[in-house]
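So, here come the structures, one by one.
Both of the next two complexes hold subunit A, though its partner changes from subunit B to subunit C.
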Partner chain A sequence: MNPLLSVHNLKKIYGEGCDDCMGPSPRPGPDNLCPICGSIIACTDVTFDVYPGEVLGIVGESGSGKSTVLGCINLTTPVNGGEILYSRLQSGIRNILEVDAQTRRTLQNIHFGIVYQNPHLGLNFSISGEGNVAERMLVADSRNFAAIQEKVHNLFERVELSSARFKDYPINYSGGMQQRVQIAKALINAPSLILLDEPTGGLDVSVQAKILDLIRSISRELNVAMIMVSHDIQVIRLLCKRIIVMKHGRIIESGLTDRVIDDPQQAYTQTLVHSTIQ
Partner chain B sequence: MSAFNHRYKLKVEALGKSFTLHNRGGVRVQGFENVNFSLRCGELLALHGPSGAGKSSILKTIFRTYLADSGSIRFHRNNNPEVDLASCPESHVLDLRRREIGFVTQFLKILPRVSALDAVAYPLIEIGTDEEQAKEEARKMLTQLGIREELFKLSPLTFSGGEQQRVNIARGIIAPKELILLDEPTASLDQKSSEVVLRLLDQLKQRNIAMIAIFHDQRKIEQIADVAVAIGRNEI
Partner chain C sequence: MYNFALLDENSKREIRRSVLKAIAIPGFQVPFASRELPIFYGWGTGGLQITLSLIGKDEILKVFDQGDDDSVNAVNLKRLIQLTTGVEVTSDTQSATLLQTRHRIPEQTLTSDQVLVLQVPMPEPLRKVESRETETARMHAEKDYGKMFVKLYEDVLHHGEITLSSDYPVLVFDRHLMATTPIPRWDVPKLDQAENLFLFGAGREKKIYAVPPYTDVEPLSLEDYAFRVEDFSNKQCVFCKSTESYLNEIPSPEGAGQIYACSDTDFCQKNRNQ
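Right, the complex of A and B next:
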């Protein structure tokens, strides 16, 4: 099977940068700062593939570069190096870091969807929940009002949002509902890849279970690929067949989820796994 | 080559596994070493021995949850070239797990809110079976294992230990496999349910599936196993 997305040597530096940290395989330090110039190495040498329909997990401590990688793929974070090959554009396999502005918008609005831990990043709080999702169809060039409304309502039913709440503003939704509207928004244009940045962070466990069940069933029914960033190794174990472990902006271990969690080879992965409440 | 030429479905040779704990000063813990056995199609091989001898670790190493540090695990495939499970790329392992090698873990691990029926049907859906047909087969399998129909729609996390174990078995064997690994499949079961499970394993043998199972009960080994391998500390 050919990858849907291939990330090669992705690099993001915050700060001036120097020849060392801007080059391949910069010198590691005790943290994610360049030991020479002090710039923040948000991610470097990040290479991985995502296959159609799979859920790939990314774990690692705060500041390890997980969200940076998602931002780079979503083309919202400018990168300092590397390439991201994507196979579903009409023009064939393309490095999406080099596409024109219009193609970039097509990728962001139609091919990819993103769900943030912080709903303020993913939702427009000045329009209704329904409007949030419908707006995304409009930017994807849908113009038939009745068709848009029907599609949005069908999707809201799918994510178990009651019809009485369609027209409410996001501020009046519970945390779990905000996440479900974000998921609906991410799904509405039938993307091939959904980026999930701690989608259940801060939710209580019963709401978390609902969201995870929704994510699981969506990935199965729609065969959409997902990259899921999470702190919760047990969640990742149940949802993802493959995972990546990041530390200080680098991938330090990757592979089959059960192998990485049950037989971690790297010291940091062992610390991470052994710190988890089973 | 005909199947006749392949005497073994699985051949484990000089297999060893240790764990290096980097955060404990690099201390090495020996899991097992120099394990040798082989298995044919339609045979059930029982692993037995004291707790901590490494029986589960051997199963996990064959399933590639653990990385072996020495030896080989040659798996002969029906329609594909032989692979060494100790060293083949992890990308092959995912495919092998979907279609050829199953693992029934000792305890059920599952997302909350997933129903017993969905959990059991999923391995079939994953390999392309129509959803309704998969659910029908899941119903049959659960019924055969004595799970009451009123439980099908509920999360197995609310079930008793024995019921969970049977759901786990159903999930592990429902999709066609060539090799199935079972970690104490009858540990939480009463006599009657154990008999049901053993009958089911016997049916799998009739279908020419090779199995490796951990049992503690000598009578069960005599009843179902074709080969028994004792695993002891540091020896076999």
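Right, the complex of A and C next:
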């Protein structure tokens, strides 16, 4: 099977950068700073594949570069190096870091969907919940109000949003509802890849379980690929077959979830697994 | 005491150059160096600068405001232009060659030898949905007008119809989204495939844009919620009895209720003379 998305040697540096940290395999330091010029190495030498329909997990501590990788794939964060090959564009396999602005918007609006931990990043709070989801169809050139509304309502029922709340503004939704609307927004144009940036962070445990259930059933029913970023290894274990462990902007370990969690090879992964409250 | 038409020749030339560029790219907002004038921004400085830089000695000028030739704003602009050029001034829409307006397009169809200059307070149609200038520039460059349609969707969702009344956004030449200035919806269809040239000037915002003759101008709409103009069915002008013009609603002098009168005073007067 051919990968849906192949990320090769992705690099993102915040700061001036020098020949060493801008080149391949920069010298590691005690943290995510370049030991020579002090620039922040948000991610470097990040290479992985995502296959159609699979859920890939990325774990790591705060500042390890997880969200940076998602931002780079979603083309919202400009990168300093590497390539991201995507196979579902009409023009064949393309490096999406080099496409024109219109193709970039097509990718963001139709091919990818993203769910942020902070709903303020994912939702427009000045329009209704329904308008937020409809927006994705409107930017994808749908112009029929009744047809759009029907599709949005069907999806809202799927994500179990109460029909009395469709027209409400996101500020009046609970945290769980905001995430449901974000998930509906990500799904509306039938994307081939959904990026989940800690979608259940900050939610209480029972709501968290319901949202995770929803994500799991969506990935099974719709066969949509997902990249799930989390610092919570239990969440990752529940959803993902394969995981990547990141630290200081680099991938330090990857493999099948059960293998990595039951038999962690790296010292950091061992700490991560064993520090979870059982 | 003054140069002909108040502005110096180099300023007029710069404005004409921006006008030419605007005509070449229908609906695109061309920046220009808006000059100091003896009237305040917001009183028609954009339109006035276009008029002053285009006007010649043989021009016949009409200036009107909300369809009215005798309103304070129109009269003052007319006096200033006449004082500094000596051109002939008229209220007759048909015989005028250069027309400057605020908030209306005349009822009488303009012809290919006439130019209509509109005074624009807010040239950016996307400002309603996006406050950043860098972002609206990008949206125009990429023809990314989805957000404007979200505004229409929200209108229908909450109110059952599109609530934009004046300054209705239009797509010009199937390329640029354009603000129509606060003309009522009634006047928007007159922009489409018109014989005459429309020039839009925003003095405070320092932008000029244009709709050249015979250009497609399409009001934004959703497939199942079409654009429509104001409804004056069963109403007529109290003076000329017209049922085919844009009507102003006026409180009845007898007390209760409203009466209606033509907004275009020249049109109304001609109807009465017939």
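Rule of thumb we're sticking to: the second predicted complex is superposed on the first by the 278 of 278 C-alpha atoms of A that agree within 3 Å, B and C clash if a C-alpha of one lies under 4 Å from a C-alpha of the other, contacts with A are read in each partner's own complex, and residues count from 1 in each chain.
Note that in this section a contact is a pair of C-beta atoms (placed from the backbone, for glycine too) under 8 Å apart; a residue touches a chain by one contact, two chains touch by 3 or more.
All values reported here derive from a predicted model rather than from experimental measurement.
Trainee: Report for A:135: first if it touches subunit B alone, second if subunit C alone, otherwise both or neither.
Mentor: A:135 contacts subunit C only, not subunit B.
Trainee: Tell me the contact category for A:154 with respect to subunit B and subunit C: first, second, both or neither.
Mentor: Once the two structures are laid over each other on A, A:154 reaches no partner at all.
Trainee: Just subunit B (first), just subunit C (second), both, or neither: which does A:172 touch?
Mentor: Once the two structures are laid over each other on A, A:172 reaches no partner at all.
Trainee: Go through the superposed model and pick first if A:276 touches only subunit B, second if only subunit C, both, or neither.
Mentor: A:276 sits against neither subunit B nor subunit C.
Trainee: Scan A:162 for contacts with subunit B and subunit C and give back first, second, both or neither.
Mentor: neither
Trainee: Which partner chains sit in contact with A:102 here, subunit B, subunit C, both or neither? Use first/second/both/neither.
Mentor: A:102 contacts subunit C only, not subunit B.
Trainee: Provide the residue numbers of subunit B that touch subunit A in the complex, in ascending order.
Mentor: Answer in residue numbers: 19, 21-23, 60, 64-67, 90, 93-94, 109-114, 122, 125.
Trainee: If you look only at subunit A, which of its residues touch subunit B in the complex?
Mentor: Residues in contact with subunit B: 209-210, 212-213, 216, 220, 237-239, 241-242, 255-256, 258-259, 262-263, 265-267, 270-271, 274.
Trainee: Please give the residue numbers of subunit A that touch subunit C in the complex, ascending.
Mentor: Of all residues in subunit A, those touching subunit C are 101-102, 105, 127-128, 130-131, 134-135, 138-140, 143-146, 148-149, 167.
Trainee: Report the residues of subunit C in contact with subunit A in the complex, numbered from low to high.
Mentor: 141-142, 144, 146-147, 149-150, 153-154, 156-158, 222-225
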